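One chain, chain A, links the two complexes that follow: it is found with chain B in the first and with chain C in the second.
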Partner chain A sequence: MDQHETTRRDFLKAGLVTAAATALGSGIVKPVGLWAATPNIKGPIKIGYLTVLSGTLAGYGEFHKMGALMGVEEINAAGGIAGNKVELEIRDSTLAAPACIQNARYFVDSWGADFLAGVDSSGQALALAPVVGELDRVLMVTHAATEKLTEDEVFKKGIKQVFRICTPTYQDGNAAAFVAKDLPVNTWATINPKYEYGYTTWNMFKDTLGKLKPGVKFTAESWAPFGTTDFRPHINTIMDAKPEGLYSVVWAGELITLVKQAKQAGLFDKIKHVMFPVGAAMDVLEGLGPEMPDNIWISGRYFFLYPDSDRNKEFVARFHKRWNHYPAYVSETAYSTMYAFKKAVEAAGSKETGKVVDALAGMELDSPAGHRVFRKEDHQAMYEVPWGLTKADPKYPFKIMGKQIVIPAKEFFNRPPFEGPGTHPPFKDSK
Partner chain B sequence: MNQYWKYFLMLGCLGALVGIGFVSGPFVLYLATRIMILCIFALGYNLLLGRTGLLSFGHAAFFAIGAYGLAITSIHISAHPLLGILIGVTAAALLSLCIGFFCVRHTEIYFAMLTLAFGMMVFALIWNLRSITGGDDGLYGISRTAISLGIVNIPIRKDYQFYYFVLLFFVASVFLIHRIYSSPFGLALAGIRENHIRAEFAGLSVKAYRLGVFTVSGAFAGLAGSLSALLESNVAPFSAHWSHSAEPVLVSLIGGLQTFSGPLVGSIVFVALREVLQRFTYNWMFWFGVLLLAIIIGFRGGIVGSISDAFRKYSRP
Partner chain C sequence: MLQSLVHVCLAGISAGMFIWLVASGLTLVFGVLRVLNFAHGSFYMLGAYLCFAVLKAMGGNFWLGLLLGPLVVSMVGYVMERYLLRLVYHLELPYQLLLTFAMVLIFDDLVKMIWGAGSIGSPAVPGLSGSVSIAGREFPVYNLFIIAVGPLVALGLYGLLEKTWWGRIVRASASDREMALSIGVNVPLLYSGVFMFGAWLSAVGGALAVPYVGLLTTGMGEAIIISAFIVVVIGGLGSLKGAFLGSLIVGLLSSFGTRFMPMLDMFLTFGLMAAVLLWRPQGFFAEG
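This part shows the complex of A and B:
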């Protein structure tokens, strides 16, 4: 009897598998549009956008979405790209590499995307680079900051489909060192994230500052794992070391927590010079509101009050009208990405990847964040983002950048070939 | 009659799987490959959960060791995929033998918590051994080089080639796990699940059996990990995180714990459902959760279990 039951059950199971397999096969094969590359630009231009829309960092995804959508709306209202409508689809790619890769494959192989953009975490960007190389689509990275993406994947390994429109870790490490060299600080300490981003930026800061200001000392390090909610032990470690300056690339919600707890502990009274390379992110400024202390050095990948140009002012005004928010840096990078694609496709007269890559490499772009140039060698956009001191302003319910320092991109961006003398700042040709 | 049907359907399934490789577009191939890899992971896992009644929350660690084993081999020693898989599976089996040694003396919640703790230790090690594992960036750029077998080279670079490569491992795994399932060893495991005290009185070395099946399921997790590293061309530390260990648990629950083919059906539902939901809503995670709950509560004994129950009732009025 037992024997019978097993066989009948097996029969059913096998049947189910077949049914499911065929359903899966036919169900998903059908909607696949046959995308054939044509010499002239035909049909809508499809852009697949990868960002995090779930979990604790979902707010970042929302800001990506606002910028990207507004860019597409404007472009379409003005006649599209070379007369073609732009279609945008956004998918929640979490912060995990497999989700990001699956979505990129869906966009290209099933939905028929011509371009990809977005990507939040560095791990995702590094994992995705060889995949977009194989899928042969341009990927414009708008948030992930690891310098390995452009230095190793694009420059050394030659994955030419990858571009980046936001500032990389150079802004957090090298540019911070240029600001720090003029401060009356001889001992620095850090509370940094206990992952690659934290290690890389702190090392970059130490290297560059050490060269710019020999004799400066780095006295304490405290590494906070991803998802830290209690920074008090880290704050105590740092305060015990009594440094003159604190450097921290802790970001988003964790930075809000860190600042609140540091304030309670009186850290800002003891340590006068504090640098938050990603402190100018809108989620942090809005989240802290008046609780953000004055005279803290902050920066980001874009700040909505810089540059003081018409292009930027109009963008901020339109953005505020459309979404009732000030644009976060990812909003600007997402928005400008749409215009970068537009300019490149129209210059190339084609949406074929190879031709667009050629058009994008070395291309100049006027964007809200200012004048960008996509460096030919590593496809990194060169542009400036200021470093500034926080101050209150009656016009805004949060702190803004008061005194601003702008370091020219060519002075602090690592230079190709990225290894050997003369590739890391400070450079001899810039004073 | 029943036997005929069974073989007929199995052949049909195999034919369908082979057919998918011929007719499908690259994205379907990619998803199908992912499903097969998840099947291997979940089938091996269900030997432990469904057959032996041990709930492990540490199997992501073995998956990750398999993946990192292949990745490190491929980067530092040789890019031969078979060598990488061999090393990945061996490493996973050895690790599960070691971890299992400490865990199998406990059952139920103690066993689950111990495996969770060991699993998270592995996760922490991978996260912190930056010079070897690349920290949170993981290891990336693992290439699918051709399998060189002396005089012939079999390429697996293209999607459909790799699909058949994984299909081979999938069929072999299903066959092997089915053999284990219905072997005297597998029956003894079921006996242990039903009443481990009685099993002990019957002269079975319960701990040895548990350790055996723990190692076997760890090795299959390692195989799934190695294959997934080849598929995605990268490995990240979160593949060792306990939340990844929940995947085979869910897959087994969806399909049916007490059935052999439950994890197969569960894997298809798990991957396809998420993909379909993402086409309709950004809020896919919420609906995914709701639907999983509905399936787990609505289908007692999983999809396969409840359907075969219904079929049995229907055919025997």
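This part shows the complex of A and C:
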């Protein structure tokens, strides 16, 4: 409800700034000429955002919201998209597919959304893809990570309206395997989520690591259902198996619980090499604070201290000033999504789905997370997020990523056509 | 193997004790008021958040949080019973479920407005934060404490209901409300009292969960209320003995399932509930 007020206020602010910027002819704002050249864009540009705002993961939705709102505020203050004001509405799509589909339909059919963005769970993304094709609106996925979305739905089935701005499971499975191959570990075990995301990442990790380091063994698996608050039975399973390494994509609050309970059980004393592919999420780092053990391998879909660029530093500073938080990875992906839409619409000179799809496919985007390219074939954004070891830093009340390893995206992203030789890492053309 | 068995048991029992703290109040309230309170899990969540709030305000004193947090929650329970539930006692069960479910959503949003939607990490309890070695593997002292608290609460409830004047009144009103009214029992007051007590029990469970789960989230109430409902169905609606044993069974089943039948762990609990519903729909320990 306050959301509407904000947009109204923003509208006025945006109007004033636009007028001023137009008068000054500032270099940042697209020149007036372009607006004249695109008379077929009739504003406002409406973006419907789908994220989880209730239940245990409601915090993720808040972080999406902060990023998306800040992006829209900035864009509107600088003249909007091709001179048109951007309107953003965010709806609670929970983590269940029906709620997500229902909201997407509402956005397009009743509210008149030009674009859709968001989506947290892999299950939701896979269910929503065909619906988006039918509704014929561009959907930019900012969080759901299953590679099946881009490999199967976009590439194989040709649902060209779907794009993804965050790293997919390649980061959690393949990139993790590249890091793991250099560790003195021959036996791995996992405590992973008992749903699509958990299965797909562990399989990818096993396949890729098996190829990179033949002879490595995978000795135990324990599958934690969504909403697990007691990881002791799972920790028991792992400690019985006595592996040298533990891999877990358990995420958000559940990862906080897992780390605390594993610590109590003495797991980190027994297992020296632990990898949490989504451990560099801000909610996890802040939630654990000093309780996060040192020397744990963590990564995410963006980490606020990488890359060391002005674009990123300014973004982090503005974000911290605006919300009194460091940006979570979903904040960055939501924020950059707004700029991706802006760039694509302005390049296409239209907000029609077909034209924007053409503009987005292959588009490059300078963003806080670095240089992104939306791969033509599967509409997956290619960019790098580092892997690193946790360490304390006096500047922050939580552990940060120490020693960072960056694996080039082209080395660990699966390649089209995603089947047959030469489509899964390791690739022959890389060292 | 022995080590594994011991730890699987310990994990199962400590998990079961949390469910017990919630299920006991749920079944007690149902037994006396005949209200199936969906928002009972919200008291668990409120207990956790208020304990945490006191803990923060009082420089990290968990015990003070455990004492004060649930007291505040029982006051919330009073308001809810006195001004909302009383309006639906005479209506059919679906109306009660709708109202109490609405309360779940309201409580969730209230917590979000006050403490934010993000997960909050919570500190360990001084004095109970370490681990002891049991059968050669570390086990948290705090979990042992929980394993002790559960049966103590059960004993306390038993004593209260079976051995005190108040307990006799409660039991009398539960079995025949009209008769209790006609012999001069202030039934509305009694209802408020029992409801507040149930809310307090659930809130104690939530407060105790703060260091155990190590995390506060909105929605933590919904997660536990489902287990509590299963327990109450298995044990028999209104039966405290059933709730205690049911909690142990569900806790152990889930722990053993995870360790030894990982692909069936969720099925085991729900399967047991389905079997109970089919063959003994009143539950194992239902009276009458």
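Definition applied: the second predicted complex is superposed on the first by the 392 of 431 C-alpha atoms of A that agree within 3 Å, B and C clash if a C-alpha of one lies under 4 Å from a C-alpha of the other, contacts with A are read in each partner's own complex, and residues count from 1 in each chain.
Criterion: contacts are C-beta pairs under 8 Å (C-beta built on N, C-alpha and C of every residue); 3 or more make two chains touch, one makes a residue touch a chain.
Note that this is a predicted model, so its numbers are computed, not measured.
Trainee: When the two structures are overlaid on chain A, which partner does A:D283 contact: first (chain B), second (chain C), both, or neither?
Mentor: After superposition on chain A, A:D283 lies in contact with chain C alone.
Trainee: Chain B or chain C: which reaches more residues on chain A?
Mentor: More residues of chain A are touched by B.
Trainee: Between chain B and chain C, whom does A:S110 touch in the aligned arrangement: first, second, both, or neither?
Mentor: Only chain B; A:S110 stays clear of chain C.
Trainee: For A:P233, decide between first (touching chain B), second (touching chain C), both and neither.
Mentor: In the superposed model, A:P233 contacts chain C only, not chain B.
Trainee: May I ask you to decide whether A:S54 touches chain B, chain C, both, or neither, giving the answer as first, second, both or neither?
Mentor: After superposition on chain A, A:S54 lies in contact with both partners, chain B and chain C.
Trainee: Under the contact definition given at the top, report the residues of chain A touching chain B in one complex and chain C in the other.
Mentor: Comparing the two interfaces on chain A, one with chain B and one with chain C, the shared residues are 53-54.
Trainee: Flag every residue of chain B that touches chain A in the complex, lowest number first.
Mentor: 2-3, 5-6, 9-10, 12-13, 16-17, 19-20, 23-28, 30-32, 34, 127, 130, 134-138, 140-141, 228, 232-234, 236, 238, 259-262, 264-265, 268-269, 272, 275, 278, 282, 284-285, 303-304, 307-308, 311-312, 315
Trainee: What does chain A use to touch chain C in their complex?
Mentor: 53-59, 61-63, 194, 221-223, 225, 227, 229-230, 232-234, 236-237, 239-240, 252-253, 256-257, 260-261, 264-266, 283, 286-289, 291
Trainee: Which residues of chain A touch chain B once you look at their complex with the stated criterion?
Mentor: Those residues of chain A that touch chain B are 4-5, 7-18, 20-22, 24-25, 28-29, 32, 53-54, 90-92, 96-98, 101-103, 105-106, 109-110, 122-123, 126-127, 129-131, 146, 148, 153, 157, 195-196, 199, 226.
Trainee: Taking the touch rule as given, give the residues of chain C at its contact with chain A in the complex, in rising order.
Mentor: 3-4, 7-8, 10-12, 14-15, 105, 108, 112, 116-121, 131, 137-140, 142-143, 209, 212-215, 217-220, 222-224, 254-256, 258-259, 262-263, 265-266
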